[in-house]
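Here it is: the structure, laid out below.
Labels for the chains are A, B, C and D, by order of writing; each one numbers its residues from 1.
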């Protein structure tokens, strides 16, 4: 029997609904709270202050896109989820705990880049937080797959490739963290590049081929 | 075959549900965070301080209504959406990135109007943010229409007119931004007028004629 | 034909789902942001500071319960809603605009009670905000009823009484606002009493009799 | 007749949907707002400041996990809920009122541990808040069970044990509050231990055995 098949739809979906609602809440709040840390500072004319505040805009964009990418991956995971189990909900809480923490190191990095001080320490802390989001998100995905909480892949879908997705991003983060110890600004640029990479090349839907088929 | 018809309802709606939940989260949080920037300042009696803080209330109303209008448009879009695709979710993230940014220029504009300083720069920045929300929202709508992600229009509905809706608001914003370079307060009044216009005349439901028919 | 009967369930519910999600977002965020304004101040021992901060706790409770009561009324309204229309969504935006504004006068009232200054002005402003939430909430309800957006009342339900509900609370607010001009602290106590009244005696479900019937 | 059986699914679920959405909103916002209180302070090098801020991270984790555990319990409750009633919604509002308050004592505790001052008073206040969340959450659960708002337990499920769950955590909190009067830091460690206990051993699903059955 395929997993979860004998549970009525109504009961099965309840646990996933709450998990999705709580997760969407934390993802969207963490992403939106980032704006509270954007600030401009004297001295200078208004225009100079606005332009010199670029680290705040940049950190905002990097963190927003990273949360967005984590949300896309989370969506892709829960899309196939037919039920939850106790451990899945708890791993999910850990993911959210780190995602909700991200505004703090984001603020530290922006302050550091803006004031040209303490960049090494704060950029490293930022990188470790990004790394934790990634590793925990991967653990969530791997657990759901191992426990067969998701609906089985359909014929023609290359689901086996997905676990490999951890590697490029994890590698990128590790390299960036090491580089950040000597050149913190290069590391921040790499975190931006990884966010763009995740947004562009990851979390593509499992059902893509079928969806395309449906359109033609 | 009409698009998405062969996908089971359950699977089809999952992607749109998460996209709506995350978007509703960001829209409602960005709108509600605006209140954190309202403040009163000495000198003066309590009543004078409250009255002199009008730029904060005004900026709050303009930004809240602009987010409300963007939300109405977003609702109208997703109402007809039968499925999402990877690019749609990513354009949506860009829309939300700019919507979530709005509290920052809102605060700058209120501060500038309150202190009579730096109005030109901050009002221009505010106008550019409003413009970006509009352009990205339009891109989202245009993409969904081009990719036929929405359910097809029904007989008697004038869906072709909708793409034209970009023009009055976009034009209003561009004019206001230019005016703001010499008369920032006039520009802010125009942003208010555009918000009122969007609330009153836009995002009217596609299915209005049918809904009215259902009532009689 | 009864209203909305000929629309497929799926399409009908979409508009109300987004309206509920956005509203739940604003209600819950406004209620939760109230905590950010709670603060303790020197001088005094830690215990004295905590006890002397009672106006902050009190204002928090009054505003939280008022938002809670508004949410209960909103829930009762949307529970019977079979569809939305453009004007309903716009009145709803106005309700939310004022609800999201409440943390600001709440903070002013708490500061005033804590410092024994400016109480009259800030308590009046607070009362006017509570009054606006009530009047707009009533307008939303009245409009939905007039436009028959809700499902028709069932036999044995005394739905006609509900419009009268505006009176006790509206009267309470008006009396409290007038009293607040001479005795602001009495007014704040009255706002608390009105919140308790709304929580206890209002927003009782329309389907109560039937629900009880189902249980016995 | 089993409770709620004669109500159409559609109407029954509406009340619970809004209650879940509002609750998920408050839970997720309260958890995410905790990050706003994390701060680093001079003096010291950047690394020293980051390390010396451990009380902020620790308080963040304890409060986040406590809210997470309360959310897990809430999820477990609403999972079986077939309908709401007026009193349930009001008890739920009280639960949320205290959950939304938690960021304030969390901030006080972190400040106290960081500055080595006022620990006894603030840790006690923190413990009383945690205790209130627990007691109210238990009241919510007990009321729903007494009023048979939940679906009846299925054969083979040991639902009777659940009410006992109050005891270990309640006892833990009471002991910790007393200990906190002489050794506040030990009390905070105990609050962390209770949070871990709740996450690991509580809110396990009622339908676990059946879910396991479905998989084999």
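The rule is simple: a residue touches a chain if its C-beta (ideal position, glycine included) is under 8 Å from a C-beta of that chain, and two chains touch if they have at least 3 such contacts.
Only a predicted model underlies this, so the values are computations on that prediction, with no experimental measurement involved.
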Ordered by label, the neighbours common to subunit A and subunit C are B, D
Once subunit A is fitted to subunit D on CA atoms, what angle does the rotation have, in steps of 5 degrees? 90
Determine whether subunit C and subunit D, two copies of the same sequence, contact each other through the same residue numbers or different ones, counting it as same when over half of the numbers at the interface appear on both sides. different
Whole-Å gap separating subunit B and subunit C, where each centre is the average of the chain's CA atoms: 25
Calculate how many whole Å lie between the centre of subunit B and the centre of subunit D, each centre taken as the average of the chain's C-alpha atoms. 35
Among all residues of subunit C, those touching at least two other chains are 21, 25, 29, 33, 36
Interfacial residue positions of subunit A with respect to subunit D in the complex: 1, 3-7, 10-11, 14-15, 17-19, 21-22, 25-26, 29-30, 33, 36, 83, 85-86, 89-90, 93, 96-97, 100-104, 108, 112, 117-118, 120-122, 125, 147-148
Hey, which residues of subunit B end up touching subunit C in the complex? 9, 20-21, 24-25, 27-29, 31-36, 38, 40, 45-47, 50, 60-61, 64-65, 68, 71-72, 75, 78-79, 199-200, 203-205, 207-208, 210-211, 214-215
